[in-house]
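Just so it is clear, A, B, C, D and E label the chains in written order, and each chain counts residues from 1 on its own.
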């Protein structure tokens, strides 16, 4: 997931990137079926003790960030060592802290964090597994929230990364396996202090993180929407080949996948809204209600794109059959005109003999051939046939391009 | 959204407008995929602080209308300045007021209104974002209702505009980003005072506004229905080309979109009906129950149009394949008749020599050519072949146009 | 809605009528899309004050019928004037009355009835609008029930008329906009007094009316079922043309429409069954439970017809493609046989010269032509080619009609 | 419904019967649409007073069976007259009785039974109508259960017969309109007394009857499954014609119908399980829970067969189009080879004159014809063209059968 | 179900096995319809007394395993005789025991176990029937759980075996009809004692067994996913024949079947989570909640594979129609080029006579033939025709492979 440096708060929507066209050869072998990350992750777990912490092979080595803030104070720092971070965190219980762990590839460290922040082993397994659907669970200290951050890649895939959020009385602890993320907008708001995010509880920060992840669904959808338009354009203008169908089906898979990502997000927020006010205060719920609307709109959009995709498939199919018709029309017109002509000229290529062997003239044998006007009349006849046929085909509308 | 001047209460249904046919070139590039307004609006918001008020770039500069009324009194006025409007409103707390803000393009003004009427920032964000699904929320002073007003445009699209309604003890505050709207029927009823709308609470006025928006779904559907009939006519009479399929899929998208607009409307009213009687009194609920029936009927109609559209697609596809059959039949009939004939005449164009080089006569070599009746008999034979084939095709029903 | 005179209690099922075949030209332009009555009715209402009574333009002038009865008494009468009817009704409070208003085209009368029977304006609007889905509502005096009576017309459409029923302590008040209806069976039972309908409350009469409407769904479905059989027969026997598809899609629309009519009927009865026993006594609910079963069966039947229709479409499509195959087979067989033959005879139509200009004999130039057995051998060869090809096609199964 | 004599307890599954193949002509006219028995039965009822007992025209004359039993006692007897049966039943109130009425064609008798066993008129109507979906209702004395017994007939239809069960304190009263049924397994268990069916209450007997009906759904499904395999085999091996599609759609209809039969069965049992323990004791519910599992499994199976059917339709369609391709390939190969050859030989059949009328030699006019090697070279050329084309088609894979 | 010996804890995912390709002939006859094991098992039961224990004909003879353990103790043993096992079990009530019965083919033994462990006859019937959907029931001593273990076989089928689990205060009793299973991972954890499985209650062991079965769904899905990729590859690279469609439909059936297996699993766990805390303590529910997530993910994956399958079918169909187009294009190009040429050369093969019988020259009869440049000009003309046509086809894009 690539995002601009922290100083540039708003990431460019990926739709700006040129869409792949020439790398088709690399693309096409994965048009429909794809190795589902979930599946692979799960396979590693087969038969493991539940709660066993396993770090994915491709995990990054962890980087530790701490943002400490209250209404009048802001400090952010990357700590090379966890002990220092923890020391600072413990020494300042009256500040609010956002501990941001990026990268999982240090199992002992992960286990230490789990113990220090009293995380349930199964929840830690969810964090490291990196394939958990969006969900919310209550913990001893607050909430455990999972969001999935999406990105539409240049290979027309939806990448999704997991953002795991634990909230406590004075901290938010987040895990992700990426150094770059889409959360800079929140960091900027914390840094500038203009918004009231610094005044509110860590749960509000958790909300802000959830919200910004949800907001990033729109550039993803925008990129898909733009690509759908490109595909439609191509169907209308050029002559769509199978690669277009391929792409359409690929995008369809993306949309289905996106829906699968967002649906649990909606469920998660709905569950948050049903939680008692002690867990999620009413004034925070107002904000999550707003998130809920956004999630529904994203689902709506996905639904509408699905409809678009199926319309595109119908257009493509109709086009294919249209072109088959066109081919057949050309064949039919040319054959229908020339086959009868060929018969006629074949007729006068016959060798019926006028002179019988005994020298008598068989006047019945092809007298046309001996008529002085035979050939011009025949040519006229052939022309008439052609004109007749062309008229017929024109009336049928086969000569116009419709 | 064009509507007649206030003196003409009932807007013309847009179906009366001639449907586009020649501008097809401009139309076709957006037959299926369209830039969803929601998406664009949301993109602007990515990473913004929730509750941040952002005015859409294409917003109109605001015009401020105030209708003040009670049972015996009616006054309407457009105020050039908000202060005057507010002064009048505050000086007459015993009258009922409908404050109608048209156009959003003045952020400071919007913020003043938000403060004066104690609107929650998230709700104000919904108002200005202009892409909120229909919904209802309770506020401190009453209700916050969002409706979406639809119009079927000449480009075969459904335009929808947002009507945001806030109710209070003695006022209704509406926002919309259009100078013209479909609410004149309500204004007329207020003005004439014949109906009991002036006697009832502002909530009843909010109901009347919701109802008139719902009523306007029918002309939209009527226009779609008329256009469907036009398309069907064209399939039946002329020879449908791909533009017809294009239109069908375009209309299908409209219907899906319409459904997406009306469905939340139904949900909204259902939620209103579930509210406690203190919030929505029983005597108002009776009217909203009526609205609920209307919303269900609109959904029913949309559902039935969807069925119609899929039937039209089936008809179109069957037509396409019918025409392919027709083309092939012509080819088959002509080829089947003339190819055998060509063989026969080719046969008698062979040069088998009757006279061997040594002068002997090979009586076996094509004696037909030397028979005095050879040519007429052959012509007769050819005729018989043609008649036989035509009979066969006639029996198959290929010569009739079925 | 045509029904036999009261003396003939059971109406003929409309399926007995001959189905339209020759009027196809008039029929075809409305095969799929149809002007939905609901839509038109609603359009008239756009922007009207809720509860505004509007009489449809095509409404009939009202006829007023009163049936008064108790266990030992029965009297039926058509009153020319409403005052007389009302007078009689008010003078006999101990009898039970069925006031049957047929035709709406007298707004002042309708308003008087509304006031006399204390009907809510919105309910009266539902009555006169004539497009209300089946529903039940509690009123001050009893219940307000809407049923929809269906009929399958000769034009293959489902006509539906609204029957609005108000019940009170000693009366049933019905509205319909048709002089003929399907309720004669109930009238007959009242008249003969054999059944215990005269002993029971007016609510039981309302049940009986609801039940007889439900019963009439079966002849409608029977007519559709019969027509489906006709269509299937035609697909199997003759050669289905597009008119058949047209009809199938038309019937499909009818079935969808029927389902839309019956579904709310089921909902209505389910709501009746959930009402408290004071409103609908347990002994009446037993009867409505029976209705509920019938409604479910009607929906089941509609569902099964939908399946039938989609099977018919599949059969039709497969037939179309079968016939395309057949056409292509004829073309292929004839071309494959004669094109090679034509080549062979063309071969021996070449003019390679045996005698060089210098008089030498080119023995290599087409010696076959000079062989005395050339022609018979060639004919034999051609025959062999034909036999070989026919054998090949026979083995492929192309010559048999499969 | 044919079943073995009582001595042979387990009926042969109908799948053993040879499936119809030659009677296709009689079968095909009812491939999709069928006269639904429900519909016909309902038509008779149109406008009838609810609770009117009507005996179907094709009903059998009743036969009366009584099985009396308790833990140590068993007696079964067919009574010619109802009075005798009733007398015995009334004289032995301490025994348990299964009164089994087969055939309805005696209305007065039916009315007597209704009165003697205090059956509600509407329930008796359900019994005699013979078209009631599976359901359960509480009666004054116990329960009223309706099951539908299925059989897969040789004409590939699902026949279903109604089994109506009334339970009382010491009796089970069953109605069916068939002399043969699938309940012999229960009779055998009663007779042998090995199972504890004789110890338990009549409700347990009702359960046993319900269970054995459910058990018989499996042979029905087995027959359908076997037939599906036969159809698949035919698609794979022979060349499927339209009759195969016809059969597939016929079987699909059966499966849909079966589902419609079993679904209410599941609902019925679910409702039984929700009944209070006084009505259905917990120890009986355990058994019905087992039935519930079976019903779900039957529905699962039906669902899976539906999938199979739609896969078969896809296979059939793909086959059809495959064969069209094959036909077209033959045409293309033969035409592509011989049409160019025909051109070449036609070329040398032209009559361009070497000798001008003035006797000069036009050496440009077809000198090939005068070359001594002209003919052999041409033949070689033709051979090369053929080889070239065959190579091309072989590389395309058109010559192999793929 | 093949698994490695106990010493190798993690079974190889079956996807490693080479997929069948050459055995296609054996495979193809069962591509779609398959003899459902459930159906066959149920058929045996028709008419049987409920709770009748019947051992399937193909059942294995039982092997009896006992693992006894507590925190500090572990012992596993295969007992040749049940009495010994039972004796040991009864003598050590303070240990925890996992009694593992593999194979059912000993009815008296099964009945003894049923009595010794107080299993309800219907539950024992479920165990032996081996076709029970996943479910959970409360028993007197604890819970009765059914899981289904899946395996993707080399014949592309999903095999599923039943694992029946009874829990008690100090034991877990499992039944399966296979000597090899997928539970070795649990055995290893018990044996090594590293995890806290030995400290916890038998219910935790039941959870661990359920979890490991769920974990094994992933290799099954992985194998299906890999096979889908193989199929997609084949569609893209080679030329898909019907066997590919066959396989796709086969896999689709597998996915549907997998879904049918996993769905009840999810239901089962959801029901477990709803059980009171006395039955399933909160600390165990945490673990089952994790299972629930896994089940949902498996269903998600299955759903996504279904989408993939339908995309593959669409690709296949589009490919088929593409290839038909290609065939037709070749035919059209060759015919369109050579048929007109043939006409032209046929024209000059006509025998119109220049010299009339009376010796006069008919200068109008085919003077071209006598022109000295006739033949070269004609050849040039033919070449022009060919070039013209090729240009036309090139512009249409028919000559390129698109």
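Everything that follows uses one rule, which is that a residue touches a chain if its C-beta (ideal position, glycine included) is under 8 Å from a C-beta of that chain, and two chains touch if they have at least 3 such contacts.
From a predicted model like this one, the values you see are computed outputs, not experimental measurements.
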Neighbouring chains shared between chain C and chain E, ordered by label: D
Mutual neighbours - chains that touch chain B and chain D alike: C
Distance between chain centroids, defined by C-alpha means - chain A, chain C (Å): 43
Chain centre separation (chain A, chain E; CA means) in Å: 26
Per-residue multi-chain contacts in chain C, two or more chains: 321, 324, 328, 331, 335, 339, 342, 346, 349-351, 366
Chain C partner contacts - residues on chain B that touch it in the complex: 9-11, 13, 182, 184-186, 189, 194-195, 197, 208, 211-212, 215-216, 218-219, 221-222, 225, 228-229, 231-233, 236, 286-287, 289-290, 293-294, 296-297, 300-301, 303-304, 307-308, 311-312, 314-315, 318-319, 321-322, 324-325, 328-329, 331-332, 335-336, 339-340, 342-343, 346-347, 349-353, 356-357, 360, 362, 364-366, 397-398, 402
Contact footprint of chain A on chain B as seen in their complex: 28-29, 31-33, 35-36, 38-40, 42-43, 45-50, 120, 122, 125-126, 131-133, 135, 239, 241-242, 245-246, 249, 252-253, 256-257, 260, 313, 316-317, 320-321, 323-324, 327-328, 330-331, 334-335, 338-339, 341-342, 345-346, 348-351, 354, 361, 366, 368-376, 378
